[in-house]
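Pasting a structure here, questions to come.
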Amino acid sequence: MFNAIVSADTLQDTLDSVSVLVEECKIHLEEGGLEIRAVDPANVGMVDLSLSAAAFESYETDGGLIGVNLSRLEDIAGMADSDQLIHLELDEETRKLHIAIDGLEYTLALINPDSIRQEPDLPDLDLPAEIVLEGRDIDRAVKASDMVSDHIELGVDDTDELFYVDAEGDTDDVHLELTAEDLIDLTAGPASSLFSLDYLKDMNKAIPSDAEVTVDLGEEFPVKLHFEIAEGQGQVTYMLAPRVQSD
Amino acid sequence: MFNAIVSADTLQDTLDSVSVLVEECKIHLEEGGLEIRAVDPANVGMVDLSLSAAAFESYETDGGLIGVNLSRLEDIAGMADSDQLIHLELDEETRKLHIAIDGLEYTLALINPDSIRQEPDLPDLDLPAEIVLEGRDIDRAVKASDMVSDHIELGVDDTDELFYVDAEGDTDDVHLELTAEDLIDLTAGPASSLFSLDYLKDMNKAIPSDAEVTVDLGEEFPVKLHFEIAEGQGQVTYMLAPRVQSD
Amino acid sequence: MFNAIVSADTLQDTLDSVSVLVEECKIHLEEGGLEIRAVDPANVGMVDLSLSAAAFESYETDGGLIGVNLSRLEDIAGMADSDQLIHLELDEETRKLHIAIDGLEYTLALINPDSIRQEPDLPDLDLPAEIVLEGRDIDRAVKASDMVSDHIELGVDDTDELFYVDAEGDTDDVHLELTAEDLIDLTAGPASSLFSLDYLKDMNKAIPSDAEVTVDLGEEFPVKLHFEIAEGQGQVTYMLAPRVQSD
């Protein structure tokens, strides 16, 4: 049983956070809210999302697992105005999701969860450096780096206490330094890793420019990007595997 | 003789209402105003439009018939700001239309009306159900249906006194019900017909979202959609033939 | 040595004025400001631009010549908000330009000026007619003419004291007349020349709609279009060779 009402923008933000990495996903219907974990086909980028029951206008379930086509569900949610309410109700017999928006009823065929790529285990990493910054700074760094290269180095200068971004192209380079003053918070530590820009660009699309993003970094370790959606009732964590750094 | 001045947005709305169905049309220059009737190449969708002389700033004619390329005339009208005036004057000798917008003169070669597809006779149907609703509700129904199917059923539930829209896709369905309360007006009667979404999508493009649209429906009969443009000085009626319903 | 700070919109307007004609250009770093001259590959359209040192927040140079890829530099400037400051510093050893925008540093490889098409000499023409008008009127004339033809005649009617634009297509024509009243200023004289619309369309893109544009015209002579950027601290002159007029 699953019967919930949620605002269109909360549903859209939730779906967008996952659809930048995968086309289909499993959604765990838990008593406390929705849980989604997914990894891209190349096993490089992962997302771990939870949307608390408190993010909903009303939320009832006795548990369950459904598989959805994300772009289809995004299209449906996109028909609503951002402040309109969307009613979701699972028909367990037909395995269809009934989606109602102000009198309009959409019956969405679900996907067999067994046919969807297995959910990843997000490793519990103890990363030495933590940077907290605004989404717009990630956006600037990613867009500038994308002009010169297809990969990007993120690091922390332990001595000067600053976060840096480096992208080296064939002819041009991009470098960004943000000191503790420019950041919301910085826990310095030895950290420097190289990442694929393609993945960071996709993740960046889902990060609101005014979001407070926590970045956990290590030496040639995965990066973790964490931010909130749904006014703090939703938690999104991306994890991106590093590229091997060739010197 | 034809010599008229009209606001750019009135001219644009007039042309847009016809150009969603055909590329060229005949325009009857009548003393009371302009008259246009046209049918698409497949003989499925028709438009009947009249724009009263009262919709013009000034309007003079002793009658006549001209043939125009609609997209060309739309491009010209599109050069004006929406509240600018457009001066139209027919040169009967050269069969060209002089179009003046604030000092800019465009000389448009007309099309021989005999080379344009014959105008349709709009059958006088006595349809049992009439629904009056806002253009935005047609827009919602058409856009949602388009996500799942290429045809759409419009009908009236005579017992429950409601207007419904049904679109059935291979996996997903869309259903919209609007009761008398949701509608501006409803004359219930036995009505249910299937239509091609392609045509309704085109017609929908020309229907303003805040227009009051009168929909006349029957059992496997054509649908008539009627709305006003030019602040009530223009009347547009679309008629769309039904698709054969296979049960 | 070159070390300067300039607002993003001033830099963008400068680059846009040149990039409509060429992809790469030489920039002369003079004590009084920047100087750019360039001609398109077909030797038909030329631009002569100067941006005074006064247009910069700060400006220091001991002279020099650099070659730049314009679209690349435009992309970089485009990352800044229009009122943000951009810091430009030449590294003479590496022949790279360091571009800093609020903590973000972009290192741009310069182009060897010797590899860039030679700069044109703008002939000193004494043209008999001069029209001063708003950029938006050039925009209207160019866009309307483009609907019917690929060339455009600009001329002055010496007797009636008016500036006219003529474009003749296979079936349709466009004609625009602007009298002294419609213009900011008019010095009438014998003038009528035919130009390629492709070039005028490109130049038109860089002319702000509210700019005061001075147009110098003759009989089958090049046209000169002059306007200011950077609140009067930048001067842009386009020169366009006429097409041979066949009667």
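Observations on the structure shown:
A, B and C are the chain letters, set down in written order, and residue numbers restart from 1 in every chain.
Criterion: contacts are C-beta pairs under 8 Å (C-beta built on N, C-alpha and C of every residue); 3 or more make two chains touch, one makes a residue touch a chain.
This structure is a prediction, so every number in the text was calculated from the model and none was measured.
For the touching copies chain A and chain B, the fraction of interface residue numbers used by both falls below half; the interface is of the different-residue type. Its C-alpha atoms superposed on chain C, chain A is turned by 120 degrees; the angle is given in steps of 5.
Between chain A and chain B the centroid-to-centroid distance comes to 45 Å (mean Cα coordinates, whole Å).
Not a single residue in chain B touches at least two other chains.
If you check the complex, the residues on chain A that touch chain C are 140-141, 143-144, 147-148, 171-178, 182. Partner chain B is touched in their complex by these residues of chain A: 72, 75-76, 79, 103-109.
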